[in-house]
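Presented below are the structures under discussion, each in the form of structure tokens.
Look at the two complexes coming up: chain A is in both, with chain B in one and chain C in the other.
== the complex of A and B ==
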């Protein structure tokens, strides 16, 4: 590890410590806003860890927030497990599903992975809607356990810090070089000895594991949810856009992107309720059309992307 | 019981025609430009609303609105490509997913604000008329939409293989640089292709009003069905859309009969998953596998 890497590690730890101590001083509204920001940093960082680094685009990550929320919710509701036991189990459940989905689809490059994951999230939502004997269907479930508001603040901060830290570790470790090599040229990566399928699968399952835990915690924080709330495609798209805005395949990209978008959303959502999604859509289209290199620019040069030229 | 199953098979085949029609547009756009169009179902929704408003506002027969949705969506698709999509042709796939997802958000939510979430139905004087054979009923309207769908997919195939424009589109999809060197205006071919894909999708929207009601949120599920159809039939392979569409139509209809509509969506996904596992190039093995 070089000196720069070590310095950024200490800086990151210092920032996390400062944020952890913040509740002693901050007013409640901002703490709640920050809690949600941390939640999204965690999710975006999970998405970025897999998709930002390998270039495989998961368009159905909401499948794992949904699985997390439902597995944990049902374990608490039906078996009376405490949240702190249910949440890791929910993460395992999400990881197992990711293993089953990733095994066949991660062998295929490009559009197929995105399509399969996109359809997965929608299909799982339908299963939750229909299998009402298990999940209560469209009625939704009410979670019996809820932690104190501040616990979520620290939990989300901790998880976001953990995933960002993991990304940092990956960035400076052989595993990360493998991921980046896959992004640039998968065949070449395989030829120089990267077990590409295994590396992708490990990363994908890890990412789904943390998304599952975050989904489980958020489910208990909400207290009540329906399939449409936790499997919503907009959850996925937010992770994607946050990563893209901040810079895909970078350690701090999701932190910047998630903080920015969540604060914008907090501002817009309160003022333009009806047109809010139209505006978000317009922002997305505008960013892709007018700033394709502005966002991916510096990153793009480093990874050898040429967004304006067909490969 | 068996009559019920046969009846649902018939319904599935009839619906499959529509699936095939707009999925052919989806497949065409992907095959030529490599763009996965997540706003595809919303184009279908716009076609359906165009027919609804012309029917309600002008009293025009739904079948007479077909040329309008064909032309209207062609223009919209052409402009969409020229104004936005052309920026992401050849970019990493994520750019096109996100761009078309943004487009989906804009179209479907603007439609929601303009037309509200109320479902609307198109009921004509002849909506109930049907052909009855041996206890089975085939509504005339659905039969005609099926035949139109088949004819349009056939026409698209002929257009791609036996016309100057079609050859230009094929050449561009095979090798963009060589096509350019041969004097093909690649940018115009892309815009035409997107327009063409949008046009037949709008047409499918006008036809789908014979099967169901119309609402602004109807688009996204159709996009997902298009994914499944083209994976079944083979990405970028137009005749495959016909096979995939019919299989999906029948599967959906039979599953709805045996279980519930929600389960049929889940089973459709399972089918997609199996296909990706076993035969990613589609049933006939002629799709594009990257």
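== the complex of A and C ==
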């Protein structure tokens, strides 16, 4: 680890300590807001790990929050498993589906991959709607187990930290070079020995695994959900926008993007209920025009700080 | 047995027969030149041998193994790589990082070893000074050398060079040829596709000529350029 890396690590640890103290500082509402922020940091970081680094735009990531929520929910409901056992199993379930789906679709490129993954999420939602014998269909399911609010804060903080840490690790190791080479020119990457399909598949499955766990936990936090709550395309879009705002293919991009969007949304939503989405839309357009590499990418570049590249 | 051998390679794109029963043999330590007019199938031949294209017919044997139909990355790891006619550096990465990818994946080196190796290779091809610059910011001549450096990092036994000298000035060509000769002297076998005739003739021990997807001549350079069919293919019937 070089000096810059060590400095980032210390900064990270200091930030983690501050975050641990944070929920105790404010009223209950802030705990809930922070919980949601970390949930989204986790999701955006998962999306960024795969899509930000390879350039493959997954437009169906909600498939994995949905699978996570339903697999964990049904395991708890039907088999009486505790949440802490059901959530990792839900992650595995999401990972397995990602393996089966990624195998053929990761050979597709550009818009074709986006369309295929989008169709997957929509199709799975329909399956959950129709297969009411298993999933209760559109009626939705009520989760019998709920943890204390503070536990969700810790779990999301931990998972977000884990995925961001994993991204940092990937960025500085062999796998990261493979991903970036694929992003730049897949054919050329294969020509110098990168097994592009395997590298993409590993990343995609890992990303889906964590999305599945997050989906499982969020399902239990909500307590009740229907297929179109957890397979909703808006979940995917939010992951995309957060990564885009923060800076795709950067370690801190999703952290900045998710915090920014979630906090702005909360702030504006409370004050301008009727047209806060318009304002958010304008902010997103503005960021994309003036900071095309995202907040972390563009500001970092201006300050001579390049979180995406190791010197 | 030859180090690299293609037997009866055929490939067509729709009605266009790009390759028709082409044989190629490369011995250990040899430099083989491949020449031919535009569209004669040189690049297709390379693509069929390195897995970018699957030949319709024929086999490719490398180092005692039948590698026909293997994926590109596996052929590369086995020791057979090609440079692209259109240079394709990873633009967003530094020059050093470009070479790093070859060492990491082509040879499966650790990051530490790959770094050391990449620095050495950049020194060898004369890009040491640009190591930290983004690959998108260097000149065409440098990109050609980077393309070669990236191939070298994969630890190849054979490099197929697809017009690696295109667009270079005579001085740059002379320099590049020196480099290729040095690499060859170190035991690397080369197949060189080139439009610059003197270049191929100068460094190749043997030359084969393609025209309309078929091999029309093969032999020592001096003998091949005197061949009637070769002159016809390049200059037209009236000069033959």
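Couple of notes before you dig in:
The working rule: the second predicted complex is superposed on the first by the 268 of 311 C-alpha atoms of A that agree within 3 Å, B and C clash if a C-alpha of one lies under 4 Å from a C-alpha of the other, contacts with A are read in each partner's own complex, and residues count from 1 in each chain.
Here is the rule we go by: contacts are C-beta pairs under 8 Å (C-beta built on N, C-alpha and C of every residue); 3 or more make two chains touch, one makes a residue touch a chain.
Keep in mind the model is a prediction, meaning the values are calculated, not measured.
By the touch criterion defined above, A:21 reaches neither chain B nor chain C. By the document's definition of touching, of the two partners only chain C reaches A:178; chain B does not. In the overlay built on the shared chain, the residue A:188 is in contact with chain C alone; chain B does not reach it. Of the two partner chains placed around the shared chain by superposition, neither chain B nor chain C is touched by A:139. For chain A, the partner that touches more of its residues is B, with chain B and chain C as the two candidates. Once the two complexes are overlaid on chain A, the chain A residues touched by chain B in the first and by chain C in the second are 309, 311. In the complex of the two chains, the chain B residues touching chain A come out as 30, 34, 36, 83-84, 87-95, 97-99, 101-106, 109-110, 113, 176, 220-221, 224, 227-228, 231, 235, 259-260, 262-263, 265-266, 268-270, 272-273, 276-277, 280, 289-290. Those residues of chain A lying in contact with chain B across their complex are 51, 55, 57, 59, 101, 104-105, 108-112, 114-116, 118-120, 122-124, 126-127, 129-130, 233, 237, 240-241, 244, 248, 274-275, 277-278, 280-285, 288-289, 292, 305, 307-311.
Residues of chain A touching chain C in their complex: 173-174, 177-178, 180-181, 183-185, 187-196, 309, 311. Remark: chain C residues 50, 52, 71-74, 76-77, 81-82, 84, 88-94, 97, 100-102, 104-107, 111, 132, 150-151, 153-154 touch chain A in the complex.
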